[in-house]
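Shared chain: subunit A. Partners: subunit B in the first complex, subunit C in the second.
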Partner chain A sequence: MIAFLEEWLKRRLPLEQLDFKRISEKSVPVHRFSWIYYLGGVTLLAFAVQVITGILLLLYYKPTTLEAHESIQYITRTVPGGLLVRNMHVWSSNAMILCMVLHAFTVLLSRAYRSPRELTWVTGMLSLLVVLGLGFSGYLLPWNNLSVYATMVGTQIVSMSTSFLPGEAARLGEWAASLLLGGQTVGQETLTRFFALHIVILPLILLALVTAHLVLIQMHGISVPISILRGQGEKIENWSGKSQKYMPRFLLKESAVWLMFVAAIAALSVVVPYDLFVPYTLLEPYSPLGSAPAGIKPEWYFWFLFYPFEMLPRTVVILCSLSFFASMLAAPWLLSGIPQLWKARFEDSKFPTYAAIAVGAAVALLTVFGQAIVVAVRGGA
Partner chain B sequence: MQFHDCLGSRSNGRFVMQLALLVAPFAEATVGQAAHAFPPFERWISQKAGFQTDCAYCHVNPAGPSGHGVGQEGRLDERQKQHLHSADSPILNSFGQHLLKTLSYDKVVSSVSDPGSLAVQMKGYDLDGDGVSDGEEMEHGTLAYDPLSAPPALVWMERLKQNWSFVVTLAVSSLAGAAGLFFLAMERKDAAK
Partner chain C sequence: MPEDLIERQSRRSVLLFSIAAIGGSIGVFSSLTAAIMSYIGGPNLTAALKGRQLEESKRALESQLELIKLKVERVNSTRIPLAKLSEIEEGAGVTFTDYALQPAVLFKTGERSCIARSAVCTHLGCTVQSNLVDGRIYCPCHQSYFDLAKGVPLSGPATLPLAQEPIEIDGDTVFLVKQQSPIKIGPGQIPMLPL
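This part shows the complex of A and B:
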């Protein structure tokens, strides 16, 4: 058993291949789907933009319930370049999540998660979860009606998330929610905790995961879609087609894409500030004595959960959501194991492709339905 | 679970406001000036915009002029109360004051029965200079006194005009930079297998 584990780990963590001096020898396969290799880099760049703009926002943001909203208004309206920096932070966070989701989907479709790259997939999925956590924690910081009421709903969901478990375990969710809230309801303690989560704890976890992800890519090299490998007619383990050097050829091309990305985000930030898309009543400073305005909604990347929560019993939704996230983490093993049930080879089976398309379509459809609910709630107010 | 179960609902207070509108002239005659919010305006804007707006569209306080909060009657001294219906009314925000300055108090009040006519009359003005007229902003439920609150589809061209030098410089320099990097990459001879 130990020998098996040792062999398994040795294959997935070939530390002897981790020689950063050989980074100049790293190559990137060239084929008709080569564009997918830019998605990971753009995600990484968006993370860098987040860090830089986040540090700049920190110079003026005040994480207290009395000053948070005012300080955000000060940054946006008074600080030179404040509108640009704040909106670059918001727009690039959205772009980062979109790129991450697309990156995960292309990895699923191209079966790049296959052995020995399972851990690369797992670190990527964990990074996506952390980024969603960053989005959730950052939503509260402006301390307006939208952010506070959305956080109330979010922490209620966390509180109920383990209610289906037996005995004392059912209270785990409540414990987690009170840990997040720091009290009975959203207040100064919550803001302090979300601030700490958003600027220190989650970014450090993300940095560790991204580093592990990059190290694993360096160890295993860049994967080629299985459909392309099948086309070469030889053994599908090795790519025998054309490749290009990462340094400097691919890096130069990637830099061109990065430049365009930053320019697009900067232009978008100035021409269409993000707050234009939010009704002004939701952007008013939160008052504990006021009532909730209609139209409170999560960010678009949570809409796929928003729709089921509106339509189905909460226990069903929580169980389905937990199963979904667990399945996504275990996707490399599930998608390669399930075809073996009918004695098909993973490489030849169509099942992993259909499963990837089904997951992508389900998430996209639920997101669209979630948007429809947002519009209905807003209109029906 | 309904996502909004935990959230309270905002009462439109229609009955209370109708009663207030009936009683107000008599009260005003006996005790002096009194401030009114006009729910028909709020309802019309909400209906046109597709979401529930509040009194902050014209008033300082989102809850309206009655009460003891910031921008509400209870906080005003006698001198300030004399200006309730004037263009520098302390209970109105800059758009509310702009309305009175542009159209007069009586004209605004007479539009209560047809709030749409107020938007039509304000189509020739643009208080915040964001390129979208006050009337259009009323129809979209965006704040007419705030340049950072406007319908994105209408305002993006105006914002592009306002920031054209930044956007053009950005576009030209990034396109030139990207093209340079791309051609540099294509020139490398190390693209072999």
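This part shows the complex of A and C:
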């Protein structure tokens, strides 16, 4: 048993491969899907932009219910360059999540998660969850109607997330919600806690996960899509086609992509401030005595969860989301194991591709056409 | 890896890439650095700007004071005047904060009759709107509709009714009345007022 575990770990964590002198010898396969190799790098760059602009925002932001909203107004309207810095933070966070999701999707399609790279997939998925947490905690900080009500709904969902469990375990969600809220209400304690989560706790966890992710990539080398390998005809374990040196060729191309990314984000921030997309009433400072204005929504990357809440009983949505996240984490084992049920070889089976397309299509459909689906299902309201 | 399989780059392509990358980098990063330096330096506050900032702080403190007054009133009094009956319009509710410091809303239902309901949506805790939509109470967060008279959900994802708040009409004034037993908060509802 121990020998088996040792072998399993050794194959997945080949620490002896970790020789940083070899970065100069590192090569990137060249084929018609080579462009997917840029998505992870762009995500990493967006994270760097988040850290830098986040630190800059800390110079003026005040995390109190009395001053938070005003301090954001001060940053964007009074501090020179403030509009740029704040909007770069917002735009780049959106770009980061988009790139991360696309990255995950291309990894699913190209089956890059396959043995021995399962842990790379798991660290990536955990990073995605942490980034969603960063998006959720950051949403509260401007302390406007939109952010406070969205947080109320979000923490309410956390509070009910374990209500289907038997006995005392059912209260686990309530406990987690009160831990997030720092009390019974969305108030100063919540703002303080979300602030701490957003600027210290989650970024540190993300940094650790991303480091592990990069070290794993360094150890295993870059994966080639299974369809391309199949095209080689012979053994599909190793890539026998063209490669390019990471240094300097791929790095140069990657820098060009990075440069375009930074330029695009900066231009967007100045020309199209993110707040333009949000109705004014939602951006007014939160007042505990007012009613929720129309149009309260989470950020677009939560819409695939938000719309089902309008259509289905909440316990069903919560159960489905929990099993969705669990199966995404376990995807490498599920996708390689399930074809064996009908004695198909993972490499030849079409199942992993269809499953990836089905999941991607469902999430994309709910995100883009969620509103229309709600109206169709409920017959308008 | 066999030598013939490593893609070789021509000197010209490396040179062109390098020039474009270096030129672009200088352009993007010098303008970004200039913006960031002036950001760190902060604004030159004119008297007008400073005045506006102080006004904002004053407004924020005043609203905080209002909130504290409201809490004191709820602790000390057994009934609180909510509105003049003659001034409430049908269909347009009056929002107020109940004894549990939860948002609630008062609607006129007839010449001398009113009904008050908790404004905390039983679905996921948003505050319902104070204006009726086609005679129904509406929560904008997940599109739940409630019956005004009975409080029961009519459509949308909510399954529990909106609680009724105890009120009495004395002359032309509608009062919120303190209940003897503490108001029970239903499952899945988070009290909303920051304490």
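In the analysis below, the second predicted complex is superposed on the first by the 369 of 381 C-alpha atoms of A that agree within 3 Å, B and C clash if a C-alpha of one lies under 4 Å from a C-alpha of the other, contacts with A are read in each partner's own complex, and residues count from 1 in each chain.
Basically, a contact is a pair of C-beta atoms (placed from the backbone, for glycine too) under 8 Å apart; a residue touches a chain by one contact, two chains touch by 3 or more.
What you see is a predicted model; the values in this text were computed from it and never measured.
A.B. asks: Let's test your reading of the overlay: on subunit A, do subunit B and subunit C clash or fit side by side?
C.D. replies: These partners clash in the superposed model.
A.B. asks: Check the residue A:32 against both partner chains and state whether it touches subunit B (first), subunit C (second), both, or neither.
C.D. replies: A:32 sits against neither subunit B nor subunit C.
A.B. asks: In the overlaid three-chain picture, which partner chain does A:256 touch, first (subunit B) or second (subunit C), both, or neither?
C.D. replies: Both partners, subunit B and subunit C.
A.B. asks: Mind working out whether A:273 is in touch with subunit B, subunit C, both or neither, as first, second, both or neither?
C.D. replies: In the superposed model, A:273 contacts subunit B only, not subunit C.
A.B. asks: In the superposed arrangement, does A:85 touch subunit B (first), subunit C (second), both or neither?
C.D. replies: Touch status of A:85: second partner only.
A.B. asks: Is A:76 contacted by the first partner subunit B, the second partner subunit C, both or neither?
C.D. replies: After superposing on A, A:76 lies in contact with subunit B but is clear of subunit C.
A.B. asks: In the overlay, answer first, second, both or neither for which of subunit B and subunit C A:159 touches.
C.D. replies: second
A.B. asks: Check the residue A:66 against both partner chains and state whether it touches subunit B (first), subunit C (second), both, or neither.
C.D. replies: second
A.B. asks: Is A:284 touching the first partner subunit B, the second partner subunit C, both, or neither of them?
C.D. replies: Only subunit B is touched by A:284; subunit C is not.
A.B. asks: Can A:187 be said to touch subunit B (first), subunit C (second), both, or neither?
C.D. replies: Once the two structures are laid over each other on A, A:187 reaches subunit C alone.
A.B. asks: After fitting the two complexes on their shared chain A, where does subunit B collide with subunit C, if the options are 23-31, 95-103 or 185-193?
C.D. replies: So the stretch of subunit B colliding with subunit C after superposition is 185-193.
A.B. asks: Per the definitions at the top, what is the overlap between the subunit A residues touching subunit B and those touching subunit C?
C.D. replies: Touching subunit B and subunit C on subunit A: residues 30, 149, 152-153, 156, 160, 242-245, 248-249, 252-253, 255-256, 259, 262-263, 266, 290-296, 309-310, 313-314, 378, 381.
A.B. asks: Along subunit B, where are the residues that touch subunit A in the complex?
C.D. replies: Interface residues on the subunit B side: 1-4, 6-10, 46, 49-54, 56, 62-63, 141-143, 146, 148-152, 155-156, 159-160, 163, 166-167, 170-171, 173-175, 177-179, 181-182, 184-185, 188, 190-191, 193.
A.B. asks: Which positions of subunit C touch subunit A when the two form their complex?
C.D. replies: Against subunit A, the touching part of subunit C is residues 1, 5-7, 9, 14, 17-18, 20-21, 24-25, 28-29, 31-32, 35-36, 38-43, 45, 49, 53, 56-57, 60-61, 63-64, 67, 70, 95, 97, 103, 105, 119, 123-130, 139-143, 145, 155-157, 159, 188, 190-195.
A.B. asks: Could you please specify the touching residues of subunit A with respect to subunit B in the complex?
C.D. replies: Within the complex, subunit A touches subunit B at residues 30, 76-77, 83, 149, 152-153, 156, 160, 242-245, 248-250, 252-253, 255-257, 259-260, 262-263, 266-267, 270-273, 275-277, 279-281, 284, 290-296, 306, 309-310, 313-314, 317, 373, 375, 377-379, 381.
A.B. asks: If we count contacts the way the header does, which residues on subunit A are in touch with subunit C in the complex?
C.D. replies: 27, 30, 56, 59-60, 65-67, 70, 74, 78-82, 84-85, 149, 152-153, 155-157, 159-160, 177, 181, 183-188, 240-245, 248-249, 252-253, 255-256, 259, 262-263, 266, 287-296, 309-314, 374, 378, 381
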